[in-house]
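You will see subunit A twice below: alongside subunit B first, and alongside subunit C after that.
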Partner chain A sequence: MADLNSRGMSREQISIPPDGAPLDVQPAWRQDFPIDWPQDLYVERRDFMKFMVLTSAAFTLGQVCIGLQNWYRKQTGQPPVRRIASVDDIAVGAAIGFAYPDEHEPCLLVRLTTNEFVAFGQKCTHLSCAVIPQPAEGSFYCPCHEGRFDLRTGVPIAGPPRRPLTRVVLERRGQDIYAVGVEERTT
Partner chain B sequence: MSAPARRPFSREQRLTIIQGMLVFVLIVVVLQLWLLTATMNAWLGGDESIVWPAAAASAAGLALNVGLFLYLTRLERTRSGGS
Partner chain C sequence: MPKPDDLHFFIDPNRCIGCQSCLHACTECDTHRGESMIHLEYVNRAESVQTVPVVCMHCEQPTCAEVCPADAIKRTSDGVVQSARKPRCIACGNCVVACPFGVPELYEDRKIMMKCDMCYDRSSVGKKPMCATVCPSQALFFGTREEIERLRPQSTPINTFQFGAQTITTQVHMMVPRALATRATYVDVAAAMDEQPRSRAVSLKVIGDPFADVEV
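Right after this comes the complex of A and B.
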């Protein structure tokens, strides 16, 4: 280093090796191809920062995508009123499947008592596996990660799911049961 | 009378500056990640009121990060003799 100083090089031009020892005590290969450690640290932090800024942009893009999806969801309007089943089609303690509001949204209609019906989306709120109704145990069961939802309310009671199942709003007209809307919930 | 030329930062100073920036950027990115997951959870749960405010907050975080990065590139230009 003293040699470099004597050659009139500024401190910024001197390569500092990783161990900080003078260049003349470094191995020959490092003298031939010196690594400037402070510059190396600077460049790797700058590249990492660049990557983090790109990550930040990706998160913002994700937020915008949610916004656009929200806008699209509003454009589709209210779900249609659709007849699901007749009261006689389903026994007490049994469940039948149907699709609502479109064919990509499988749902389950459960008859709790003679006059009590509930319907929920069949997609688990954890990772969208199909839940299985288990009326005898009073729950919907998700076999993927052992999740359970209350049969009456759709609220998660065990396993990884945190949000309740999507509730399908029902309306009884005479002997027929109609789906009239869906209700997303956070609690 | 022209203003005196500003002395460029030394290597050690730039390293300290970039470490400080990096800490700030990382905090903002973690906040953005939390914001994204919280927004997604709320939106899937039917709460639409926070979607655009959260997007605006995330965009503000991005603007801060980009601003810091631009400052860094300006710092490097100064070092290499540019304006």
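Right after this comes the complex of A and C.
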């Protein structure tokens, strides 16, 4: 009867291929898919370095892309001025929806007091759900993950969002309210 | 921590009394809680009440691992073939079909294969597997080779099996009578497949036609 420890193999490599041939004449896939647990867990230094370098490169490339995107946004300048509503269309403490700068960017115009108006993009900065204005509670409410933003400034005050809502710059010309630009903020 | 090298598993089918203690002890093991991994097989149920406990034999060339397409079955450095690794197992059942001893079990509800792992939480710290602790006749024995030789002078352990053209050597040993072991150095797993069951058909002689005289 064969003694378990007399095969002259390291403990790492104990399983024998079915044909019994030595490991160096076995097909290459046996090295990639070893049956022995320690070999399965083994990571070569070269593989580890390859992983680290490629991951770092991916992060660096991502940063460059973000920088380019910011630069491009600054170059394009502000979107065209557009009339949103008349002052009389909206009661104090009420909100109306509009799209600015194009139909894919839903926004909310809120009349805080008689002369104070604010407007923010409706997309929650967490996962782009539509926020609901709740002027009575002084906040925008995102029902997806219980996120809340301040009604006056758009900064996040509760829930998962970390960035403020996109602000729409307003201008009052007589009895009309115009959107004159958007301001994407990070803090 | 690996299983100590001097401790081995020995199965002695001659001693099995079919009490099913091992089945129930097996469910208590923490590596496969609530599921019994040991099989208690009847050798020839029509003729005999003889049973054989079947645990994983922990092959040197694990066929289950060879056929696994998901690379899920691994063998630790002490020679114990572990249950399928959960993140990898795709519940294809290749191992169930391939195993010469019929050990792996497929749990379709949770999409995983589970098999006897020699109670790795216990054997890896030098304790006996659950089945070996409860077996009243010690048909399932876990200990050193010196112990088994002292306890069973009539038998000798064999760990070579023949399954068709495949020769299998295992970590788990089967106790066979010493006289037989000198003549045959391996156990043929599939030998019983060729045996034809004795015919038990009952035939009754019919004496003539009982309705011959009846006028219709």
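By definition in this document, the second predicted complex is superposed on the first by the 144 of 187 C-alpha atoms of A that agree within 3 Å, B and C clash if a C-alpha of one lies under 4 Å from a C-alpha of the other, contacts with A are read in each partner's own complex, and residues count from 1 in each chain.
In the analysis below, contacts are C-beta pairs under 8 Å (C-beta built on N, C-alpha and C of every residue); 3 or more make two chains touch, one makes a residue touch a chain.
A quick note: this is a predicted structure, and the numbers were derived from the prediction, not measured.
Contacts of A:P143 after superposition on the shared chain: neither subunit B nor subunit C is touched.
Contact with neither subunit B nor subunit C is seen for A:P80 once the two complexes are overlaid on the shared chain. Once the two complexes are overlaid on the shared chain, A:G93 sits clear of subunit B and of subunit C alike. Touch criterion met: A:R185 reaches subunit B, while subunit C stays clear of it. In the superposition on chain A, contact of A:Q63 is made with subunit B only, not with subunit C. Greater residue coverage of subunit A by touch, when subunit B is weighed against subunit C, goes to B.
In the superposed pair of complexes, A:P38 makes contact with subunit B and with subunit C alike.
Subunit A residues 11-12, 38 lie at the interface with subunit B in one structure and with subunit C in the other. By the touch criterion stated above, subunit C contacts subunit A in their complex at residues 2, 5, 60-63, 65-66, 71, 73-77, 79, 82, 157-159, 166, 169, 171.
Subunit A contributes residues 11-12, 38-39, 41-42, 45-46, 48-50, 52-53, 55-57, 59-60, 62-64, 66-67, 69-70, 74, 125, 162-163, 183-187 to its touches with subunit B in the complex.
In the complex of the two chains, the subunit A residues touching subunit C come out as 1-2, 4-5, 11-12, 14-18, 33, 35-38, 40. Here subunit B touches subunit A in the complex through residues 10-12, 14-15, 18-19, 21-22, 25-26, 28-29, 32-33, 35-36, 39-48, 51-52, 54-55, 58-59, 61-62, 65-66, 68-69, 72, going by the rule given at the top.
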